[in-house]
Amino acid sequence: MNTTVWMNQLSWVDYQQRIRIEHPPVLLPVGALEQHGPHLPLGTDGLLAAAVAADTAARVGGLVAPTLSYGYKSQPKCGGGQHFCGTTSVDAATLIGQVRDAVREFARHGVDKLVIVNGHYENQWFLIEGIDLGLRDAKAADPACALQVMRLEYWDFMTPETLGHVFPDGFPGFALEHAAVLETSMMLHHHPGLVRMDLLPNDGPADFPPYDMYPSRPDWVPPSGVLSSAKGADAVKGQLLSDEVARRMAEAITTGFTRP
Amino acid sequence: MNTTVWMNQLSWVDYQQRIRIEHPPVLLPVGALEQHGPHLPLGTDGLLAAAVAADTAARVGGLVAPTLSYGYKSQPKCGGGQHFCGTTSVDAATLIGQVRDAVREFARHGVDKLVIVNGHYENQWFLIEGIDLGLRDAKAADPACALQVMRLEYWDFMTPETLGHVFPDGFPGFALEHAAVLETSMMLHHHPGLVRMDLLPNDGPADFPPYDMYPSRPDWVPPSGVLSSAKGADAVKGQLLSDEVARRMAEAITTGFTRP
Amino acid sequence: MNTTVWMNQLSWVDYQQRIRIEHPPVLLPVGALEQHGPHLPLGTDGLLAAAVAADTAARVGGLVAPTLSYGYKSQPKCGGGQHFCGTTSVDAATLIGQVRDAVREFARHGVDKLVIVNGHYENQWFLIEGIDLGLRDAKAADPACALQVMRLEYWDFMTPETLGHVFPDGFPGFALEHAAVLETSMMLHHHPGLVRMDLLPNDGPADFPPYDMYPSRPDWVPPSGVLSSAKGADAVKGQLLSDEVARRMAEAITTGFTRP
Amino acid sequence: MNTTVWMNQLSWVDYQQRIRIEHPPVLLPVGALEQHGPHLPLGTDGLLAAAVAADTAARVGGLVAPTLSYGYKSQPKCGGGQHFCGTTSVDAATLIGQVRDAVREFARHGVDKLVIVNGHYENQWFLIEGIDLGLRDAKAADPACALQVMRLEYWDFMTPETLGHVFPDGFPGFALEHAAVLETSMMLHHHPGLVRMDLLPNDGPADFPPYDMYPSRPDWVPPSGVLSSAKGADAVKGQLLSDEVARRMAEAITTGFTRP
Amino acid sequence: MNTTVWMNQLSWVDYQQRIRIEHPPVLLPVGALEQHGPHLPLGTDGLLAAAVAADTAARVGGLVAPTLSYGYKSQPKCGGGQHFCGTTSVDAATLIGQVRDAVREFARHGVDKLVIVNGHYENQWFLIEGIDLGLRDAKAADPACALQVMRLEYWDFMTPETLGHVFPDGFPGFALEHAAVLETSMMLHHHPGLVRMDLLPNDGPADFPPYDMYPSRPDWVPPSGVLSSAKGADAVKGQLLSDEVARRMAEAITTGFTRP
Amino acid sequence: MNTTVWMNQLSWVDYQQRIRIEHPPVLLPVGALEQHGPHLPLGTDGLLAAAVAADTAARVGGLVAPTLSYGYKSQPKCGGGQHFCGTTSVDAATLIGQVRDAVREFARHGVDKLVIVNGHYENQWFLIEGIDLGLRDAKAADPACALQVMRLEYWDFMTPETLGHVFPDGFPGFALEHAAVLETSMMLHHHPGLVRMDLLPNDGPADFPPYDMYPSRPDWVPPSGVLSSAKGADAVKGQLLSDEVARRMAEAITTGFTRP
């Protein structure tokens, strides 16, 4: 039997057999098409979400559904904002609908463990709404629906210890980690050919006030789109982070779906 | 002329005159109807958002529009979750629509400074979408539309210094601050009659895994709904916090609307 | 136990206990932010809906949920129209969604008697749609859902006798009663500090053709926004009207929820 | 040239010529598929709206667009309610969308006078929303859009004098006029073959409380669906009413589209 | 009892009796208001869908619901495109909603056989979505819902033999059959007074590339709107086609609703 | 400079430079996650749409945006239907929204040539609606918007000559070509490792009546999901087809965007 983790490479016959016999978790990566400075590609968020989903799936016998490649609109403080050319985003209703439909469909397949792996900070709350509405639909269609959904942002599985290794001068927090050390290191590990370390900008750290303005203020954001420097990123750190994330996500999946 | 900060207490004639002559900021508080433990009322988030909005408006000659009293669905990690009786929430589309309409209408009035004061963590991203769509509508209706919108969560205006005073043993962070020291202190300052310090539960701090589950797990949340203890809350701290928030929000409004 | 009628002042524990033990009706006032001439405040409709809801709740042991303060778009013949500065309205989808969500949430709480108290004529049909969709959702989620909803416009509880007292020269009908004798009298009773009898315009009665035009015609509407004169309004009449409305609404709630 | 009033019988070439040269008003009838007692057909509201639209169009050189045959959900007090078999209604969003699209399309054609002729009481507010959103779209697409829309309920063009003739014992008001004297008389005039005077029920007048209940109470409504008796209806009255309505609607169209 | 096939001419009492006793199929014609060259009227698609629906209903004891007269936006390759004056179309959401509501309502009536008779090519996929969502609603409301829906485009019931008769030089295929031989012949049979054979354009056949462009290219389409010539159309062919379609649709209804 | 065709592998800086200097066409592949028999993977439609898009882009200096991997609901006659496990589809509103947002975003980037490459038959009409609404948005935001969109189904670029080679016994038409010779050959060319020729079912050709039924009839569809046999498929044919499609799509892009 086909042992790939990639659901779209399975025939429906193989997929059905695995769902019915193995009851695997299905992981759905959600990314974005968003500027990530001059050194990282527009697809970074989706590529990393898919990479950690695949590593995790390999550990737990799971499957990875095709990535949702377009994310919610970029915000200045976490992704630089919508004024960058190349950032290609969706409205809330679209992302909510996409997740709602996916939840309803996986429930119909008989999947009982769906894991939504978010790689773009701005997506989080629309994923939550999509899951809630999808489960509402699924229960209306079948009150006995057994599907449980886990939603996670993959970086939340990095431990303080590992972050301490990666940032020997102290981890400055996730707030400005856009196209910075964490993402750059992980891309160097998973997709080294797509990283241009020679183009690393020296921008940042950006300094934001405790409020947001709309229309957004491009001058709040470094012209490169990088919110803090990726200096110090390397593939070894990327592997360390990726391995930890995959290991701990696998653990969460193994333990988290058992109702207490 | 009527000098109240409450927009709904002004006649349209007085409102129009103030908008045309003084160009005041209009503050729109957004709350929730959500469990806040046995010691705080369901309306806490809206009451506090309105209170800090009013204090701020008094400092900058602003107006406060009627509070949006129903917020987005409560999540276990920030508000306890939707399984509590009394929590009365709206779907994403409703909150987005409410804000979109408000933005479009204030633009029509000729308001140029709208401040959305959020008092319920779960609302944030739906406010963002509502503002974005509202400005899209407003620009389509009038390309010369001059409205700028500021969005803020009021607690982001508390300084580390003040939080240090309030938490002499160290500020544990905002994550579990639901119905805890900050909100309880501020309610003791603004609405002492609505706080039952005798019913303070001893729950928490809650301990959550780095992922979320749907349907949510009620057993993750203390039965009281309180995520960390409100012990140590008092009205003096509430006043300290409220004053700082109002003062710094006023400053933000004064400086933030000037395009750099 | 907390005996307030205001739901947002109750803790969830108190609310739950009352719902489970007393099965009280929950009243949801719906208003508008709409011009009401130079003598009444923009919030008149919500303030009056909340006031009669509270008086009624006090008589039947009910609770009053937070007012929906933004109503459907003002129409020239009943509220003067959307061209007035200060009138701040929502699209149909928003109001429908807000009511739909509220119905679904109160059904989840186990409320069996929900009373929607409308204070803004233009809201009526969108409330109807919101209730219908909310009950559709609630039945899909739980076929045994026992929630019944009563919807009313509070002025329909005024008797011809009382209207005869209030209008000694004959009641001209509700059609032009915007910011006129009824609303002004009731505001003088409930919120005398918000009424400026010295600014009473002498406009009206407005005279409308038997059709409507879009875009609306501002010249159809007196510049003050008042459709007929509020002359003769006083607080005694306001009390008479308010008391009758509350008494008869209480009666309706007591008898109306018993299935025949 | 084809001189029919029915737009759907014109070729696009003839239609275009008439729009460009004559600038005729276009009338859009809106009805319902709704029980009208045992003596009138389900399509009564659409048939009458189309009939008065055609009579009016003939007087003013107008065109009649195809009727919207499905109306908003029937309510007990005005149409008997949704529990009747045969009543086939649409949700608010559908009717709003249908009207919105029509407004946008007629604006694109260069129509400058659109008249929405409502024959089903429950439709009114959703027509209003559809017109408002359609004009919003049309202005966004073309700020110079010259389309004006008139909306009317045809019965509002009956004068007290004529109603006095029709009801020699006094006109009881429009409230219960569902499948009663007015509609039955007009159907006898326009579609005598669809009226079964031998089946006239003796029901009513229905007596409703000053509130509405949801789910609706079928026992409030006479089993026949008729809210007050159609006794006394005849074709002569129908002609009298129809002629007056058409004459006065024609007058309204002739004078109402001139901006004052 | 009233034996008409037209549902809107039945009283609800007669309709209910037929539904309960005879379980007739209900046919819902869906058309468009769309240019059909200088020789055919704008309403052609709805008129023909209703005509074949009525002929079919007469054969199987069915009922015909009021036509949905406004169809999805015309496309250059099948209907000429939206740039023609007179073409009056709806957005996808509107058509989907209209069908969704109809499905839900007929399910409520107890109809078990609904046939959606499409007369406008562009409608097809939105009808599919409307049916799917309507059945989803109907099942959520009543898991025992027995309604089955048949959807068809009427021209798919023409046999190669008959098309061979109609096109002695060989049937060129349905692709360009807009306002051409088939529709013109059928209109000559059903509505001869609405056809202007003297205005038959000599356009076409249109020649399209294997892709579509948006905004559409008016110069791809003959100025008359006719995609291929209607020369050779006559009423005899129209009767032949109509009879075959009605006979075979009747057969499909008789056999198609029996679950295999 | 990065010369990849894959947009998500470009940094925003490189992307912006290419858009501004080269004005390349941007190709957006749209697929589905849908059963394709036991021998082809679930992701076939998206994989092939992306493959031909990439080949085409390489010929015209274009870019390929991330594939929309989830398509509209599978229908029995073209994709087997929604009853297959593994088929994971979206509602119309979701797909429409996704395309609408993409059109709006590429317009904002300054893209002037967008090519939507459809690989799943069921998607077509929802892509059309998404493009129409996206252009409506883009024009409202910027009346000078220069974006043109081309939409195509890639198989329409296969010539009768080539199909004659591929089907020596005569091309049976596209109707049943689901998971059959064309798709299997192209997958053998582009993704040979994902094809299991040893599992080729012998099903079909399926025989469908000239109507559709809802809920769909699983017994109409061969249990394998294959509508006609893939016997005779090979990689050489796949290359022949793919090359022709890419060559002719490149030609269409080169010539099609020039306004005549």
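Going by the order they are written in, the chains are A, B, C, D, E and F; count residues from 1 in each one.
The working rule: a contact is a pair of C-beta atoms (placed from the backbone, for glycine too) under 8 Å apart; a residue touches a chain by one contact, two chains touch by 3 or more.
Chain labels with UniProt names: A, B, C, D, E, F = Creatininase.
As the structure is a computational prediction, the values presented were derived from the model and not from experiment.
Asks: Copy of A-B's interface among C-E, C-D or B-F, judged by over half the contact pairs being the same?
Replies: Equivalent contacts to A-B are found in C-D.
Asks: Interface check for copies chain A and chain F. Shared numbers divided by all numbers used: above half gives same, below half gives different; which is it?
Replies: same
Asks: Mind checking the centre-to-centre distance between chain A and chain C? Centres are C-alpha means, answer in whole Å.
Replies: 47
Asks: Taking the mean of the C-alpha atoms as each chain's centre, how many Å separate chain E from chain F?
Replies: 29
Asks: Give, as an integer number of Å, the spacing between the C-alpha centres of chain E and chain B.
Replies: Chain centroid spacing, chain B to chain E, equals 54 Å.
Asks: Going by the contact rule already set, what residues in chain F reach two or more other chains?
Replies: In chain F, residues 91, 93, 140 touch at least two other chains, as defined above.
Asks: Quick one: which chain pairs are touching?
Replies: Contact pairs between chains: A-B, A-C, A-E, A-F, B-C, B-D, B-F, C-D, C-E, D-E, D-F, E-F.
Asks: Sort out for me which residues of chain B touch chain A in the complex.
Replies: Listed in rising order, the residues are 72-73, 75, 91-93, 96, 122, 124-126, 128-129, 131-133, 135, 148-152, 156-157, 209-215, 217, 219, 248, 252, 256, 259-260.
Asks: Taking the complex as given, what residues does chain C use to touch chain B?
Replies: Residues 6-13, 15-16, 19, 33, 35-43, 46-47, 65-70, 84-91, 93-94, 97-98, 100-102, 105-106, 109-110, 194, 196, 199, 225.
Asks: Can you check the complex and tell me which residues of chain F touch chain B?
Replies: Residue list for chain F touching chain B: 140-141.
Asks: For chain E, which residues count as touching chain A in their complex?
Replies: Residues in contact with chain A: 136, 139-140.
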